[in-house]
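Here come two complexes built around subunit A, the first alongside subunit B, the second alongside subunit C.
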Partner chain A sequence: MNERLNLLIGLAMGLNLLALGSSRLPTVISVLSAQGMVLGLMPLLMEHIDWRVAAVAAATVAGKGFVIPHMLRRAMRAAQIDREIEPVIGYVPSLLLGAGGTIAAVALARMLPLLPEHTGSLLVPGALASVLTGFVLLIGRVKAISQVCGYLILENGVYLFGLLLIHATTMLVEAGILLDVTVGVFVIGIIVDRIQRAFDSLDTRKLTALRE
Partner chain B sequence: MNLILEIALRLLVWLLLPPLLPGLINKVKAWVAGRRGPPVFQLYYDLARLWKKGVVLSNLVSPGFVVGPAVAWVALLGAALLMPLGPAKAALSFQGDVLLVIYLLALARFCTAWAALETGSAFEGMGAAREVSYAVLAEAAIIAGVLSLSVQTGTTSLATMLEPSAGAGAVLLAAGLFIVLLAENCRVPFDDPNTHLELTMIHEAMVLDHSGPPLAVILHGASIKLMFFSVLLTEAVLPVGSLAALAGGVLIVVLGVGLVESLLARLAFRRVPLLLTTAFILCLFALLMAWKGGTA
Partner chain C sequence: MKPLLLIIVPLLGAGLAALWPDNRTRPRLLPVVGFIHAVLCFWLLVAPPEVSVGAWFGFDPLARAVLPAVSLLFLFCAIYCVSYLRIRSERPNRVFVAVLLAVLGLLSAGHQARHLGVLWIATEAVTLAAVPLLHFNGQPRAFEATWKYLLVGGTGIALSLLGSFCLGYASLEGGGGGDLTLTALAAQGAHLSRPWVLTAWVLLLVGYGTKMGLAPMHTWKPDAYGEAPGVVGAMLAGGVTTVAFTAILRVRSVVAAAGEGPITDRTLLIIGLFSMLVAALFLLGTRDFKRMLAYSSVEHMGILCIGAGLGAAGMWAALFHVWNNSLTKGALFLSAGNIHRAAGARTVDDVRGMARVTPRSAAIFVAGLFAITACPPFGPFFSELRVLRAAFETGHGGTAAMFLVCLLFAFFGLTRVVFAIVDGRPRVTARAAGNHFAETSWLIIPPLLLLGFSCWLGLATPRVLQDAWTAAVSQLVTSK
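Let's look at the complex of A and B:
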């Protein structure tokens, strides 16, 4: 069980790096979708399956794997951009930052006083690495949609942390977060459209000056 | 006496077999494109033809123009002799020979670039600059890959290092080393061996002014390098038990190169560092997995 879970978390960490290294927004959104599905499958491996776990897993796969990416693709189409042209942090540096962050996360997780059942698992390093990846994307990209992707990857990291407590909280919190995130992305889709209409571009650097 | 005979035999293998690989790659490419393609032995014919021709020397060049390719060829052949061939181990093997191999490859590259700069031609300088700037990144990847094998097996001798499979990180290492193979041998996503436009060449631009036997030596050296990397990739990833398995692995690598070359376009120059960094990171994660013992 642990082996398969680690494989999935490793896959999610690899997808993080793919998101950092690619300049095309459709690729980043597909990466996000794949990562959401991988994350949604994890509870099924961790707990014996009853209908509640299955329902939350199905909701996560549907929400993170299909609904949110679909909304992002629509926002992207409405804004008519599909590429991040000049990021603040270039692709090679952000890839190296992500790789360094992943290695640091693995090393750090070794030093943390974890519960014995979590020591062999990649959950904590995977969560830390995803949060770091999300931060790099949030800081390093200028287009609003890429920043949303960064925020969602960060949220995926938080979700991985939440899986540590799966035996205590029975997924109720995850279900709530999923709902919040979906509504959040829905709102962001509208905001992206507004930014596009007001400024003719999604470059968030243009939003820094306040004007009447 | 036996040892000398064995070394001579291996030398013969490394001299005779490598020019087959570019021919096979071209066959794969022709097959994908639906053409008949040049014969598999085309490079042998080319080498024979070049060997008979005379040398045209610019009156600007120093002897380095001829010495460079020769030293590069000898260095590549030396690296090849240190490479174990499956169950038939390497001709020479000692602790730390992997470092020697890396330095021999670097020496070969240095000598080719040096000979290219000798003529003072702008194109050759450009080619040399590109070759060495990509090599910086490719070398980081190959060192990380070799280090992961070394950590995995706890030795620094190529023969013992390549014997078992690469363990948990094998897939990562395979992907990383394959990208390095493409970059080091100037295959498609990095450089197009069929290009006739000097501005887009890398390796070809360095050898534009060479002719006759020096050019033959350069071409033969390039094919040795291709075979060297194919063998390295096969043995690093799979536990090769027999010579047939090794040959099969090399053939699969050649098929992969041919398919990549048929299906991909070459990358824009500014995107090349990204791909090489990816190779480095793949090898780095293989190293991480070897170091942390599979679980992390």
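Let's look at the complex of A and C:
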């Protein structure tokens, strides 16, 4: 049971690196969508599946796998950009940072005390690595949509960590969290659209009117 | 039931505002809902209800100690808003009014949340709901500010969710059920897993600290407050920040119950002093009077953290300061909004002599300046004095010294900007624009009353409020 879950987490961690190394926005969004679906399947591989766990899985696959990527693709088409040129942190350095971060995450997770049933699991390292990947994308990319992708990968990391608590937290809270994230992306999409209209570009380096 | 009404009534009002057909009469919903909310809130303040232990929402002593301040601030902002939106009648206000009411409901939910997950949902929802308020002006600069607000705020809030999960795992690891209600976590106390509790504390402090605007996570604040309408700045600085502060207080009591109280106090003191220092230095350099208010807000968030890190007496002073900060900041933002509208500019290079163009707003602005820089007889003087006394009583002489130095720098910075825009001869363009802007009484009375309340709190702090703060402190500290 744990091995299959670890396989999926490993897959999600590999997708992180793919997102770091890709310059094309459609690829990054597809990676995000694939990662969302992988994340959605994970609850089904955990012990004692009940209807609540199944509902969380279904909602996550729908939200992270389809709805959010669809909104991002629409924003991308509206802005007519599909490539990230001149990132702040280049693709190779990003990959190296991501790989180093993954190793650090595994090392860090060893230092934290875990319950016996979680000791062999990659959940904690996977969560930390995704949070780190998200940060690299947030800092290292200049196009607004790429930054949103970074934010979502960071959220995915938080979600991975949340799986540790899936039997402890109540359905309502999980539903609320997923709803908030989805609405968040929706709001971000609107703002991206307005920035595109106001600045005629989604290059966040042009957002420099406000500073001290 | 009444505590839930505090959440439901504004949300229903928001729904009604979204459906209301008339742009001219819609803003009147704001004071109506604000008045109902304030009446309910003060009723509960005087007659606090029983809170069941496992409930997710409850008007507990901490909510009782802080939420009425937010309610009062909202009421005056709502009254101001009716006149403000009449001036801005060229812009549709359906979204603005609905969202402002939703923010009030979500703030009430956040203040009353006793479950970490629910607290997170409410805070995140407030963050998202505030977005349309920030770019109400519709200029490119406003969208830039909104983008920064969303990205920095969103990242911070994601970290606080991770922190909430860590606290849940601390409970699982310690043999508990992973229940995220704060009372259950605090009851588990020393059985919580220490490494996870500390990880959670760092993540939650950074996360909710971002929302509160503590340095170095404050970078969104000057942009957002600078570009948003004055009334939105007032609600953000006096309402949204307080939810994040109470969130930190609630988490602190859990971490302290786990036996890590001294570490939380030390981190709060450090981050508080750093925020004050950063704010004071930026205040010495800024030339924009709305950004100045944002840095002043960073400074006061620092003061709140310092108070919270100084034990029971300091926490009492911090809760007192929450009231003073909310009311005084409200007066400052509303009068600054008037001055901005009349002058058509925001920097000391472009704005001068506002004492002649908008004499009443300028007078309130100057009085508000003295209030916020802790001149007696206004409330902030007394609460900051109590913070200082708590620092000396607990043997934090160095903290007290730095606190005073930062206050002095902030005083220099604030007076420099305020007198530069108030004194002197008005610009010709400003005078022409000022002729179009009438200081109607409904634009003056709300900030004046807010200032009056701030003064009253200082001179004669009502008994019931003092009791509420004492009860809140015992809720937060006895769970040790």
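By definition in this document, the second predicted complex is superposed on the first by the 206 of 212 C-alpha atoms of A that agree within 3 Å, B and C clash if a C-alpha of one lies under 4 Å from a C-alpha of the other, contacts with A are read in each partner's own complex, and residues count from 1 in each chain.
Just so we're on the same page, a residue touches a chain if its C-beta (ideal position, glycine included) is under 8 Å from a C-beta of that chain, and two chains touch if they have at least 3 such contacts.
As the structure is a computational prediction, the values presented were derived from the model and not from experiment.
Following the overlay on subunit A, a side-by-side fit with no clash is recorded for the pair subunit B and subunit C.
Contact with subunit C, but none with subunit B, is seen for A:A198 once the two complexes are overlaid on the shared chain. Between subunit B and subunit C, C touches the greater number of residues of subunit A. By the touch criterion defined above, A:A144 lies against subunit C but remains apart from subunit B after alignment on the C-alpha atoms of chain A. Of the two partner chains placed by superposition, only subunit B is touched by A:P125; subunit C is not. In the superposition on chain A, A:Y91 contacts subunit B only, with no contact to subunit C. Contacts of A:D180 after superposition on the shared chain: subunit C is touched, whereas subunit B is not.
Taking the two complexes aligned on chain A, the least Cα distance separating subunit B from subunit C is 21 Å. Per the touch definition, subunit B reaches subunit A in the complex via residues 273-274, 277-278, 281, 284-285, 288, 292, 295-296.
Interface of subunit A with subunit C (complex): residues 111-115, 127, 131, 138, 144, 147, 151, 154-155, 157-158, 161-162, 164-165, 167-170, 173, 176-177, 180, 183-184, 187-188, 191, 194-195, 198-199, 204, 207, 209-210, 212. Within the complex, the subunit C residues that touch subunit A are 115, 117-118, 120-121, 124-125, 128, 131, 135, 139-141, 143-148, 150-151, 154-155, 158, 161-162, 165-166, 168-169, 171-173, 177-180, 193, 195-196, 199, 222-223, 226-227, 282, 285-286, 291. Against subunit B, the residues of subunit A that register as touching in their complex are 6, 17, 21, 91-92, 95-96, 99, 102-103, 106, 109-110, 120, 122, 125.
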